[in-house]
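Look at the two complexes coming up: subunit A is in both, with subunit B in one and subunit C in the other.
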Partner chain A sequence: MIHDIAQAVALVLTWQAVLWITLGYSFGSLLGAIPGLTGIVGIALLLPLSYYLPPWVAIPMLMAISKGSSFGCNIPAILINTPGTPAAAATCLDGHQLALQGRSGKALKANLYAGLIGDTFSDIVLIFSAGLLARVALKFGPAEYASLMVFALTVVGAVSTGAVIKGVMGAALGVLLGVVGMDMITGVSRLTFGVIELGDGIAMIPLMIGLLALSEIFLHAEKLLASRDADQGRVATVPPPRHPDDSRITRDEVPRFARATAIGALIGTVVGALPGIGQSVAAFVGYGEARRFSPNPEAFGRGSIEGVAAPEAAASAVNGANLIPLLALGIPGDVVAAVLLGALMIQGLAPGPLLFEQHRVTVFALYAGMMITNLIHWPVGLVFIRASNLVSRIRLAHMMPVVFILCVAGTFALGNSVFDVYVMIIAGVGGAVLRKGGFAPVTVVIGFILGPLLENSARQALLLSQGSFLTFITRPISLFFLVLTAASIVGSFLYARQRGSAAIPGATTSE
Partner chain B sequence: MPPAPRTGALLWALIWLLGAALTYFVLIPAGIEEPSYATQSPGAFPKAIAALIGLLALALFAVEWLRLQPRLDRRVGARFLVTPAIAGLYGLLLVPAGFIVASALSLAAMLFVFGERRPLFGAAIAVVTAVATYAVFVRLLGVPLPAGVLG
Partner chain C sequence: MRSLPRWSRAALAAFGALGAVAFPGTGTAAYPEKPITFLVPFTAGGATDLTARAIGKVAAKDLGQPMVIVNKPGAGGAAALAELAKAAPDGYTLATFNAIVAAIGPHMREMPFDAKKDFTPIMNYGAYTTFIAVRAAAPWKSLKDLVEYAKANPKVLTAGISAIGASSHLGMARLMAENKAEATFVPFGGGAPAVAALLGGHLGTAVVSGEILPHVRSGEVRLLTLLQDAKVKEFPDLKNIRELGYDWDLNSWLGIAGPPGMNPAVVKTLEQAFTKAMQDPEFKDVMEKLAMLTIYHDSATAKTVLDKSYDEFGAIVKTLGIGLYTKK
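So, the complex of A and B:
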């Protein structure tokens, strides 16, 4: 065993391997920072190249693109409230609030370190317990997934405290938008009204960019027109730091940061080991749980460092944990894992129990490559943070229209479809109108992401139980999540009554 | 004496209630076919969600604390529609005119709306951003964008 590990490390610790992994990580970070583009675009672009590289270089390089993208997509989320991925929408909640307070450096560093810790934690768990966790994940059936989704939806309460009814209404609207398209059980088209482009449903990224980013641009424009004061447009995109502590995590903040990161990393690892859930669920559950366990939950949504650390640690932890079902069982947990499965097959490696016996050194080399990626994450991330400081010097009047163009280019590029651009613009108008009414567009996004997963799992469970709803409470893991959900709702109401906490400003308005 | 309910909040609840009723009674029956072979109705879940929205809208209408919610800042007015209108025109122009031309025009218009009053500077930002974005997406990443009249 030791000999195999030493051999694997020697394979990866070459300048060529480190260079490819560094390039992959930087490329992924750059792509992630462009709204609308994700790591999957980068992986798809470099997949043919991976054919010419040995597996212990190719697979970690592709993984590095995904990890870099996870970090990079949070840069526009924090600085300009434009999430490139669903998971980054959770980071927007507090990250952008921190940026508006002149503490973008603190938010970006919290994002970097939490991601690094979450990633490394899940990689270590992957290395030591791939087999065990894969067995636990196998016990998850549709009923357990449905209950987990119900639990994940309780995050709506966390992002709309003080306006819970409006939060639930927003989430329900998102769920309703999520049912558009083909019904997975019966194959019937739902609410498409003959529009061919809606056959696969409303595209998630255009909807998300419209609701969260474009709506803000529209409201800023209205404000500028209303004031008739060009000087307002001279305001910088994000204010500069006023104190050195605004650009770093202070000693006082370390315990809160560490607790939120630990909660996020743990949740992300468990969620990542479950196929088909992914980073967005992990990020929102991580955010909700960090808030629940925080001694200062009312700070969430107002610029809490914990609100940045928890979702990022959770989303990053999914990266490593996703490989648990992939390597152990050959089940790809998400799109990235599916492409990695293809890359492994290209290399002649068939995932499954035999992989660990027949290609043990290669598997250890993959692990070593992932750890090297985590080491590279830190310096490369700091370079990106330094470069992103330039954004804070650009005037809002110049930045907003440029962001709009990038949103359009990224959205069009997703499916080479102008229909997606229309969806984004309509969602932008809808998001702005919702914000005016005191509704949080992020709750619509949460409902849109989690709703279809909930519906499909619940209906599959009901099919298997021949229509009996008892299946959700007779299965122990499912019951566990439902009890957690009930406890979470009761706890939130009791807490709200006790503390009289106010609505989260960042979640409901563009201010 | 409790404060009088604000008409703005009540109007919002009414809009949601009408939307839910429209979805439940018109859109779902018209937009979801109920196949005879299916053991589960494909419309059941959307109907349940529409009913939930309707009930919540009723609750929103009724609950007293709604009166304490922050004031609606402004009605949807002409000023609000300026940027979405530019965005809509951009969407219409994107394919026929091409990404560079449509982006440069809409970017210049948006910069003006956002308060940039130096025509040459605004035009330079618009053209450089449009060309640079096109170059990054098409040349560097190999992601197609419409070429339009310049193609």
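So, the complex of A and C:
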């Protein structure tokens, strides 16, 4: 055993391996920093190259792209409120608020360290208990998934900027958009109006970029055009820090940061171990739970360091945990894992129960490569934060047109489809209208992601139970999540009443 | 160090990854004189994409022009094929073409093309596998046991499939119908989640592809049959559907096609290049590792197979009353 580990580490600790992983990580961070481009594009680009590398370099390098991009996409999200992935949308809820207060350095560092901790934590869990956890994850059938999604939906309350009812309406709109396309259970097309491109439904990334990033650009443009003040055109992307503490995590903040990060890392690891859910859900649930367990939930949505740490730790933890079902069972949890599965198979490492027996040293080497990625994450992340300080001085009036073009180019690159670009632009207009009406477009994204997951799992569960709804309460794990959901709703009502406020639970008063 | 050449090859490939792998100027014929666009209607990194890249890479060497792989997923593969149907038939636009998109898809939803008329099949190089699998602990030792159970207990047997209208669904449905048996089909949006549900004990059987094989090797899952008329080298005892006495099999072919009205000489050049590429050890290796079946149809056969499977799948879809034949 020790001999195998030593051999594995020796394989990975070569300058070439470290170089490739660093390149992968930096490439991913750069791609991620461009709204619209995600890690998956980078992985697809470098996939052919990975065949020429030994597996313990190829797989960590591909993962490094994914890890890098999930860090990188938070930079524009925090600085200019233009998230490129749903996970970044969760991070920028508070990250951008901090940036507006001149605390972008603090937000970016919280993001970096939370991500680093989340990644490392889930990698360690993967290394020590992949086989066991994968078995536990199999206990989750459709009924359990459905109840988990019901629970996840309660996060809508936590992210609504105005009244919770507006959050619910936003989520309902998201669910409606989510049912467009072929119904998985019956194979019937729904709400496609004969448009071929809608056959698979509305693509998530273009919709999300439109709703969140493009709408931000539109609102800035409106502000700039409406303003007669010439100075408006000279406003920097984010205000400069007023105090050195604005650019770091202070000692007072460490306990709050640590608690939120721990909550996020734990949730991300659990969600990542369950195939088919993904980073977006982990990030939002991480945000919601950190808020629930926070001593000062009021600060969420107004620039809470916890609100940055929790979703980022959760999203990052999914990276490592996704490999639990992938390596132990050959079941990819998301698109990135699906590509990794292809890469592993081409390398002759068919994932599954026998992988650990037949390719022990290679698997250990792969783990070592992932740990090296985490070590690289730190310095490269700091370089990126330094660079983003320069970016943040660029005038908004110069920045926004560039971001607009990047959004268009990135969206097109995703699926080589002009239709996706139209979707993004329409969603952008829609997002701007929603914001004007006091709705948080991010609730639409949550509904869009969770709605179909819930619908499909619930209907699968009903098919399996011959139509009996009892399946949701007779199965213990499913019942657990339903009870948790009920407790969370009742709890937030009681909390609101205790506060003596007339405010609807989960609402932060709108301005 | 043995690994050194690998590193330098990787560096070379890095340049290739930025554009396409270029092998300029070795061809003598007039065609091809510029890079060929090769549309893949699925995301990069999936099994279909990986085999297309493998065969495209070898054929490009032979043709003396690079193949630019363009992944254009969307609308269940229809987006890429719609583009192909409208492309100039000059041999510079090709696409991966398979039974799922071309022979089943048009029966499931309105497509912007006529699959029988709007393409020129160039050749077929492979086929997807479809296994009927149960847990090792399940009482069904053979396909006959499973079918008899489904016959005696209508709709009680739950069968995990990737999607309604997927070849796994149509194959299993045909099997059930022929035996007057009934199963409850549960779509999972992909083979892997169906495998997970089978392993977790949530399903009676799963009708899936190569993703089940690791669990067969580990002894947790038993295969009852393969729905294609083929043998799997690794499991010589596994009887396919024809060996079990049925007079049909699931024709889930995978190949390459161009736009309608291509010059026969160009088709011939391409057919030869791709056929030759099938002999390449690297391509063979990719097919084997991805648990794909290797078959070969030349251009004329590929056309016949397309027409035949289009009608066959259409008949099954119609009988099931799904897709375009859903009762309103």
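In this text, the second predicted complex is superposed on the first by the 496 of 511 C-alpha atoms of A that agree within 3 Å, B and C clash if a C-alpha of one lies under 4 Å from a C-alpha of the other, contacts with A are read in each partner's own complex, and residues count from 1 in each chain.
The criterion applied here is as follows: a residue touches a chain if its C-beta (ideal position, glycine included) is under 8 Å from a C-beta of that chain, and two chains touch if they have at least 3 such contacts.
Because the structure is predicted, anything quoted here is derived from the model rather than measured.
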First, second, both or neither for A:422, with subunit B first and subunit C second: first
Subunit B versus subunit C as contact partner of A:47, first or second or both or neither: second
Partner chain in contact with A:325 - subunit B first, subunit C second, else both or neither: second
Subunit B versus subunit C as contact partner of A:196, first or second or both or neither: second
Partner chain in contact with A:16 - subunit B first, subunit C second, else both or neither: second
First (subunit B), second (subunit C), both or neither touched by A:140: second
Touched partner set for A:463, first subunit B, second subunit C, both or neither: both
Contacts of A:338 with subunit B and subunit C, given as first, second, both or neither: second
Partner chain(s) touched by A:350 [first = subunit B, second = subunit C, both, neither]: second
Contact residues of subunit A, present in both the subunit B and the subunit C interface: 45, 185-186, 188-189, 416, 463
In the complex, subunit A residues that touch subunit B: 31, 34, 37, 41, 45, 163, 165-166, 168-169, 172-173, 175-176, 179, 183, 185-186, 188-193, 214, 217-222, 224-226, 229-234, 396-398, 400-402, 404-406, 408-409, 412-413, 416, 418, 421-422, 425, 428-429, 432-433, 436-438, 451, 455, 458-459, 462-463, 503
Contact footprint of subunit A on subunit C as seen in their complex: 3, 6-7, 9-10, 13-14, 16-18, 21, 43-47, 49-50, 53, 70-76, 78-79, 82, 108-112, 155-156, 158, 163-165, 184-189, 192-193, 195-197, 199-203, 211, 213-215, 217-218, 220, 286, 289-290, 322-323, 326
Residue numbers on subunit A that touch subunit C, as the complex places them: 16, 20, 40, 43-49, 51-54, 137-142, 182, 184-189, 194, 196-200, 203, 275-276, 325, 329-332, 335, 338-343, 345-346, 348, 350-355, 415-417, 419, 456, 460, 463-464, 466
Sites on subunit B touched by subunit A in the complex: 12, 16, 23, 27-28, 30-35, 38-40, 42-43, 45-46, 49-50, 52-53, 56-57, 59-60, 63, 69-70, 72-74, 76, 79-80, 82-84, 87-88, 90-91, 94-95, 99, 103, 106-107, 110-111, 113-117, 125, 129-130, 133-134, 136-137, 141-146
